[in-house]
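All chains are identified by letter, namely A, B and C, in their written order; residue positions are counted from 1 within each chain.
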Amino acid sequence: MSNITPTTEKSMLTITDLHASVEEKNILKGLNLDVKPGEVHAIMGPNGAGKSTTGYVLSGRDGYTVEKGSAVLDGVEILEMEAEERARAGLFLAFQYPVEIPGVSNLEFLKASVDAQREARGEVAYTSAEFLKLAKEACKQVDLPLAFLKRGVNEGFSGGEKKRNELMQMILLKPKLCILDETDSGLDIDAMQVVANGVNSQRSPDRSFIIVTHYQRLLDYIKPDFVHVLSDGKIVKSGDASLAKELEAEGYAWIHNEPKDELEGDLL
Amino acid sequence: MSVWLENAIARANSTSDWLSPIRSVSLAALKDTPWPTRKTEAWRYTSLKSLERATLSPSPSVNQDTPEQIDGFESFNLVFRNGEFDLDSLTQPLPAGLMISYLPTASEEMKQASLDEFSQIKPGRHLFGLINDVLAQHVVRIEVAEGVSISQAIRITSLIGLNSESHTRVFVKLNKGASLTVSEHYQGNVESLNTGFVEYDICAEAKLEHYRFALQTDKAISLGGCHFKLGERADLNSTLVGFGSDLSRVDTDIIYDGEFATAKLNAFYLLDGKELFDLHATVEHAVPNCTTLENVRGIVADRAKAVFNGRIHIHRHAQKTLAELNNRNLLLSDKAEINTKPELEIYADDVRCAHGATVAEIDKHALYYLESRGISRSKAQVMLNFGFINELIDQMPNQVLAEWIRPQIRNRFAEMEVTR
Amino acid sequence: MTEQIDKALEREYEAGFVSDIESETFEPGLNEDIIRRISAMKNEPEWMLEWRLKAFRVWLEMEEPDWAHIKYSKIDFQSISYYSAPKSMKDKPKSLDEVDPELIRTYEKLGIPLIEQQMLAGIAVDAVFDSVSVVTTFREKLEEAGVIFCPISEAVHRFPDLVKKYLGTVVPTKDNYFAALNCAVFTDGSFVYIPKGTRCPMELSTYFRINEQNTGQFERTLIVADEGSHVSYLEGCTAPQRDENQLHAAVVELVAMDNAEIKYSTVQNWYPGDENGKGGIYNFVTKRGICHESAKISWTQVETGSAVTWKYPSCILKGDNSVGEFYSVALTRSAQQADTGTKMIHIGKNTKSTIISKGISAGRSNNSYRGLVRMNPGAQGARNFTQCDSLLIGDQCGAHTFPYVESRNPSAIVEHEATTSKVSDEQMFLCRQRGIEPEKAVSMIVNGFCKEVFKELPMEFAVEAGKLLEISLEGSVG
């Protein structure tokens, strides 16, 4: 269950009363979440609820303002840190809409990220040969042809290829906390299996996952420990895997706290 | 300097009327504006020789032409004959909110107010813009009141007769939220000079649908233009159709004065014989958040020459501008010539800007496709070339005008020879 | 974000040092007497002097061009010294051992070892220091293959027929103001001749260094690739950091005979001036090549230096089936101004040209692409493709495109595309989310933007160019 009061047991991520806004619009309105090492949490919820925003706020995207609250990753408060510092602290976000970077090869990009993170941890950089080997393995693991390592980052990739590319990065970066934002959207059945296998292979007692999805199908492949419903910037319901099935059947209509019509004021 | 220019300046100097204050400013500016040569960037490809040679008379014989009939086109008609406004041309009563004034006979108050508007939209006009400033006397002013939508179009026809000089000036003001359609027609294919300039002040949220049919051919010399100023959320949809002549030049200037305004400019020209057509289209994005879409297409046959200069200037603070310019040209003969220069001048970083220009043969795949359906090669070529222009005719918001111009374009096109 | 990128763009100019070398320098001034003295210093034959004097008279009649999108204080041609050479070069050292070690050290510091054993294998270097060529390496090896690679001042003596035959044929004396000036006062530069059917066994390169104060550099390069031959040539340029502007007005002429191929690459890193636009090189350069039948000339340039760049490496595609290419990266920052591009003149049938230009503007700089594509009436079946992309970094700079397209042949095809973009917030965030420093992210993204051009550079220099860009972008994000 979403633990409002942290237990004494060590947490991977603790979000407490998080309020955040973008362009002066409040999106997160008191979010609480506690994720223990090794756990998989699924977050579901209607469009526009603030799921992606949660990922952006945690990972420090410009333009998102934290009004209130805290987020502690593996014992460290991260909300004051720069985006790249949070990444180096072990936070990984797989984007809902991965951006293209023309001309920058995937391989070059991957090596730059892995180098940066290893350097931050005081580890020596991989040689090109070592890295190439790792990258090839990761590429195979997500079922992308090796040619994708040479292509520009997401440049001209299909929707599904972009998602697999995100997963490949996750596999190479070995983060502590992975936030996957609709990594299953737009995937065919086989690709979904690939994504699930990718995630499952990375599950370990010291790595946690937050999986944002609209479909319970993915959760058949990746068994979540908890399922939460995010609506209007808050978690409104938490449960175990069966909650996802319930939602699939009934939708979100039961969430009655419909947001007030903001235009109403303008009309009066 | 040409003899004609000296005469023109002398004539302007000896004219004294309510426009004199403006005239003296432009006369001063003329002194610093040299006669364009090949070295003058804005006239690089367009020679003024035919103007220097032309026989022009300030007092030609009376022009008895009538505006060409456009079936089904309901409009308020304004007619200029050899540059003089025909007071009898406007016969219908005007609806509330539409004011049309012939300034020389307007009230002193109106004249004074107009002096402040006159020539304000585009600073730094070229030589012929200044010439128009100093020689235009029969100025007409059109105004649509705030929030008023005029459903019937205004048609301005300029009839230009043999050896005449026609220097017309119209000022159009659309007040906030107003909407209007204006169609400009220039008619007369005889040796003559026409500098027809129209200024459009489109205030916030106003909407202008605009056409300019620059269809003078043969010996008619035409050096005019349209200047548009757009206020906040104003909208302009403009179509320019050009045929060439010995010397034909249009300057279209769009100047954004308020945010979130949009302009769409479609222009196409078909040139045959030894015609020249020169379009200079300039867009000044002086404020943020405005959108320009420009589509310019030309077909050039025989020994004709097309000149296009498309300039998009994005000023320092004009962030979030979206500007696209597409220029496509077809050459039909190996004596024909195309000179195109799509320029971008950008001083703001958060903008989306693109231009493209092509000079090309007809698409071979499309040609093959048609041939494979049994259509002869020459017929297929005609179909494809015409399709290239027809697309823009289809985009004209006014169906009546589209159906009026379409057969003319088709006929003109059918007469063009494909020699390659 | 923008602020961060701007910071990343502040960089040190690494080549800004001054070498302590005793020079013999002419007093400032430009007149016929000075030209006679330059000619005498080079011990030139009469015809060369006559050629110079004729050019000087032409120049006097010409006017400085003002059509480019650049602003600079008027050049006082009388305040420039037109000749400067290290004293030690006076008695023409026969071998590297006789060259002043300080000169060798200068080039070493710039990353150009002149001692053959230390050099990158496969690259021959002509090192030009102010007005003279210091040394040309690997000459014997090249001569074995019949390739001539020597200072042009020497070619005038040793190969007068070749020089006479080609000098000024591609860029005529009166082509433009700065070319005419160069004809009158040029001091040194490289001469290359590749005999018929020969593939030049090494990369050739010239490294230009301005050292002396108040001097101009007026080099002249002439490359002739005879039928069926092939050569790849690279030039690099640096200058000390000074408060005064210095003029560099070079002329490069390329002749590609039937089926020959010349690849000409430039990494231009003249001193760009300081943050406020003080100092820096005025770079007014005329580069042009002529392609005979089925010949190919490919220009690749990476322009990161100079306060003002005015440069349009061009191709005259005279022979049928000839090919011209222009690949350019121009980076301007601080108060730098660049107006650069190319001209592709299609004369022959089925001639092809490709233009890829990448302009990056940052700081308060202005970066313009100016190009001309002309299809002459006889250019049956000719084709051009042009892609001009601009990247703006910050809202104080300018990026401009002035393409001229002139077509007089109905079967010729010209395609021109131009786009403008910026380093997007999304791209930056993706990189940072993966742990990459913002600074590194910018340089990666900018490098990616330039990829199509870098891949045209010879291997070693592609790396160098990438690094140069990286240094240029250093500190732009933080």
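The rule is simple: a residue touches a chain if its C-beta (ideal position, glycine included) is under 8 Å from a C-beta of that chain, and two chains touch if they have at least 3 such contacts.
For clarity, every value in this text was computed on a predicted model and none was experimentally measured.
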Chain contact graph, described as a line, ring, star, complete graph or other shape: line
Most distant chain from subunit A, judged by the mean position of its C-alpha atoms: B
Distance from subunit B to subunit A - Cα centre to Cα centre, in angstrom: 55
Inter-centroid spacing, subunit C versus subunit B (mean Cα positions, whole Å): 43
Between subunit C and subunit A, distance of the C-alpha-averaged centres to the nearest whole Å: 49
Touch list for subunit C against partner subunit A, complex: 1, 424-438, 440, 444-445, 447-452
Subunit C partner contacts - residues on subunit B that touch it in the complex: 41, 45, 316-317, 319, 329, 331-361, 419-420
Contact footprint of subunit C on subunit A as seen in their complex: 59-63, 82-84, 86-88, 92-93, 95, 98-99, 101-105, 108-109, 112-113, 116-117, 120, 152-153, 169, 173
Touching residues on subunit C, where the partner in the complex is subunit B: 2, 67, 69, 375, 377, 390, 392-422
